[in-house]
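Chain naming follows the written order as A, B, C, D, E and F, and within any one chain the residues start at number 1.
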Amino acid sequence: MRSAVYPGSFDPPTNGHMDLIARASRLYDKVVVALGRNSIKNPLFSVEDRRRMLEEECARFGNVSVEVFDGLLVDFCRAQRIEVILRGMRAISDFEKEFQMALTNRTLEPGVETVFLPTSADLMFVSSSIVREIARLGGDVSRLVPDSVARKLAARLSAGVDI
Amino acid sequence: MRSAVYPGSFDPPTNGHMDLIARASRLYDKVVVALGRNSIKNPLFSVEDRRRMLEEECARFGNVSVEVFDGLLVDFCRAQRIEVILRGMRAISDFEKEFQMALTNRTLEPGVETVFLPTSADLMFVSSSIVREIARLGGDVSRLVPDSVARKLAARLSAGVDI
Amino acid sequence: MRSAVYPGSFDPPTNGHMDLIARASRLYDKVVVALGRNSIKNPLFSVEDRRRMLEEECARFGNVSVEVFDGLLVDFCRAQRIEVILRGMRAISDFEKEFQMALTNRTLEPGVETVFLPTSADLMFVSSSIVREIARLGGDVSRLVPDSVARKLAARLSAGVDI
Amino acid sequence: MRSAVYPGSFDPPTNGHMDLIARASRLYDKVVVALGRNSIKNPLFSVEDRRRMLEEECARFGNVSVEVFDGLLVDFCRAQRIEVILRGMRAISDFEKEFQMALTNRTLEPGVETVFLPTSADLMFVSSSIVREIARLGGDVSRLVPDSVARKLAARLSAGVDI
Amino acid sequence: MRSAVYPGSFDPPTNGHMDLIARASRLYDKVVVALGRNSIKNPLFSVEDRRRMLEEECARFGNVSVEVFDGLLVDFCRAQRIEVILRGMRAISDFEKEFQMALTNRTLEPGVETVFLPTSADLMFVSSSIVREIARLGGDVSRLVPDSVARKLAARLSAGVDI
Amino acid sequence: MRSAVYPGSFDPPTNGHMDLIARASRLYDKVVVALGRNSIKNPLFSVEDRRRMLEEECARFGNVSVEVFDGLLVDFCRAQRIEVILRGMRAISDFEKEFQMALTNRTLEPGVETVFLPTSADLMFVSSSIVREIARLGGDVSRLVPDSVARKLAARLSAGVDI
């Protein structure tokens, strides 16, 4: 059985994330979406909120689960017997940081490979941070995130939360 | 009439900004220098200071005005009936972030186009952040910013302000 | 009146070219599509063929004309009293060569500015060379070029021309 | 069963290619090394020579085969019922061309995904073209290619073949 | 006598830094490792700790000294009569920021040149920040930093310091 | 004594080359400008012409000589007891190819280091190929090359040579 982990902070999940998960679910027998507990500082959504959003959106795939992890990603892979780390690759992205992480993880755990899937062209500019920024300034993010996420963002804003 | 907006945080305005404004004033009938009120955290100069510096430097052009804006840039463009966002492009710059912003703005408002003007070669390394860093360390920034800005930076330093 | 020239070899014109021309026709009062006579070696289509394809596709715009030019682009601009060179910018492109050409043209003729328009995200991977390669290998290019161009490519192939 | 194709011109195969094949053989149930018949002009080694070199080097893997293909890679994938195209990714490489090919192939055949594996750090600068250039100038390529390939290169040189 | 300065924050020193220092010690008669006192905010190790770690590791070279400096690097160079600033260059790095700093320093002090040495391929992904991140998450950094630094990092962790 | 080699094809020498040679002559006791005999196909100027142009322009430096070499650059360095290969670095350049050559040369000869000098900002867009292209199209290259080179280019053109 071929398993892959798709790690990230997903603050919030975007259409770009969901596109990659959909494609990964066809390429691997099992996909684990791995939410790093401490991967970002001052997140907009709590880890629990993000886990719920991901689970709601991933329910339609039969072979995708969502897990929260602490510590090194390669340790999580080893514990879960996963040999592939999956990353989206955007021409418009911090490609070099991705590369550095992949080589570092390989040094830490040679048995785990990082593979990159190119993002769909029309989602190439979508990122969690741009979604947060647009929402913060009152813009419409409904074409950038799943509906359930758009509703949660709107609820945050109407509650006057500083995002 | 062809109008363009040149958005930024201008903290402080540099010779690179002024070069681009001068060229834009020849390419468009009207140019609005748009100062984002919340575009950066902990600016060195207040929005009001920055507006005054820009107005002083732009007075010599007959068709350039300075405005402060809140919220999304595309909303500002719509309100001002401006169809072009102008950005400087440096080989030495965060080109990919620029591209992401342009594609995002187009998704938010298809009627507004972002156009990029290449920076003059001899100003390619000038940025507001490098100006602040050099000034903070006691270096001479007189070749990097307009004279009026250099004086304001010097005043800040002699007043012992932590920049 | 604001005029712009959009130079290229257009061998053949693609949907990416046509998207840029459509957008340019809204941003400028007049747009000249300028076909460089000697811009590439061993073209697939003759200059005359390419001119006809462009004219056919540009007829729907009221303010776009097609011209063939020899020599330096900046000399053509000067002769036509055009102050703006328009270039498409793709995250997936030879960005640095574009930059070099823009700075060179500015050295040759300071009165002419090069401005870059970001390509639409879903057309970012389209180029004349990839269209030629796919057609050569028997692939379907109908989503990458205008219909009239697709027909001309098919005619070439069925005639047994080595492309 | 999960299959992947690793396409290339392999003129000649390098240690970088072999490293990627070794890793792919662990990640997929079956790996097809696909040698494009017309992928380069004026190759140093004939398609038949390259096929033999690859077969000799791949014999030690139980699940790797070598095939020569004509036409579009996505047509080959469809015929072989392969859903994954594998590409090596080097920080030092024509990353953008790779991205363009991946997006193009996805347009031609949405059922086939391209995935990228980062090259091992110490092989990042190795390419077939640099191997050919060093050999042509009389340099030692024994650390850059498998032994069998090094011998074939030496035989070519001693035979006075112009490479 | 040819002298060079190798500036940085070295928080902590890595095998990449030490590789570059070793190579620089052969290329120049004298090498000054220059630790910027205020180059980073909230460092993991104090300036004094970092100076000691560097001195311990540089003792084996006869022509390398360690200095702490304030203010502009070019002023330090002038005071020390050093004409060369040495920087490591990684394909995986913020190359453009490096370029900007080099051009800026040349504007501030034309008599000082910045030269770049390419990092060894197998150390290309090593940086102080990735070392800190791996150590923080409990990973093994022994292949990324000198032994003495690895011990200091471990001591920090066992003391419960938040890194 | 510290020596460096500055290799290239110099077809023709540009102001960018001469700027780098001038700076290198201050940084090293001896600089050898090394003209690769077979480094390019179909050069505009013969090796002999290029050697003469370089010698004429380098005569004003007391410590710069011009040599023609065959074969591998690292073999030339070894024969001449030179430990440093000097390359210009442009933000607008094939940076990755440069990096690949540097790492390859280090593999072939660990005793030779490649160091990169950033090009002056105002010469960043100048290259031999852009000079040839402008001259071919009848443009003025007098600001891009030394006077003696501009005269030789003009002589070529008036002689009707196809460049």
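Keep this in mind: a contact is a pair of C-beta atoms (placed from the backbone, for glycine too) under 8 Å apart; a residue touches a chain by one contact, two chains touch by 3 or more.
Owing to the predicted nature of the structure, the values given are computational and were not obtained by experimental measurement.
Enquirer: Quick check on the contact graph: shortest path length from subunit D to subunit F, in steps?
Expert: Each step joins two touching chains, and the minimum needed here is 1.
Enquirer: Between subunit E and subunit F, which partner chains are common?
Expert: Both-contact set = B, D.
Enquirer: So which of E-F, B-F or C-F matches D-F, with over half of the contact pairs the same residue numbers?
Expert: Matching more than half of the contact pairs of D-F: C-F.
Enquirer: Could you let me know which interface, C-D or A-D, is made of more C-beta pairs in contact?
Expert: Between A-D and C-D, the larger count of C-beta pairs in contact belongs to A-D.
Enquirer: Using only Cα atoms, superpose subunit C on subunit F and state the rotation angle in degrees, rounded to the nearest 5.
Expert: C-alpha superposition angle, subunit C on subunit F: 120 degrees.
Enquirer: State, to the nearest whole Å, the distance from the C-alpha centre of subunit D to the C-alpha centre of subunit E.
Expert: From the centre of subunit D to the centre of subunit E is 38 Å.
Enquirer: Could you work out how far the Cα centre of subunit A sits from that of subunit E, in whole Å?
Expert: 34
Enquirer: If you average the Cα atoms of subunit C and of subunit E to get two centres, how far apart are those centres in Å?
Expert: Comparing mean C-alpha positions, subunit E is 48 Å from subunit C.
Enquirer: Can you list the subunit F residues in contact with two or more other chains?
Expert: Residues 91-92, 96, 99, 103, 121, 124-125 of subunit F each touch two or more of the other chains.
Enquirer: Applying that definition of touch, give me each pair of chains that meets it.
Expert: A-B, A-C, A-D, A-E, B-C, B-E, B-F, C-D, C-F, D-E, D-F, E-F
Enquirer: Write out the stretch or stretches of subunit D touching subunit F in their complex.
Expert: Where subunit D meets subunit F, its residues are 91-94, 124-125, 127, 130, 134, 137-140, 143-144.
Enquirer: Please output the residues of subunit B touching subunit A within their complex, sorted ascending.
Expert: Residues in contact with subunit A: 71-72, 74-75, 96, 99-101, 103-104, 107-108.
Enquirer: Quick one: which bits of subunit F touch subunit E in the complex? Just the residue numbers, please.
Expert: Touching subunit E from subunit F are residues 2, 23, 26-28, 83-84, 89, 91, 95-96, 99, 102-103, 106, 113-118, 120-121.
Enquirer: Show me the residue ranges of subunit A that touch subunit C in the complex, using the header's touch definition.
Expert: Residues of subunit A touching subunit C: 91-92, 121-122, 124-125.
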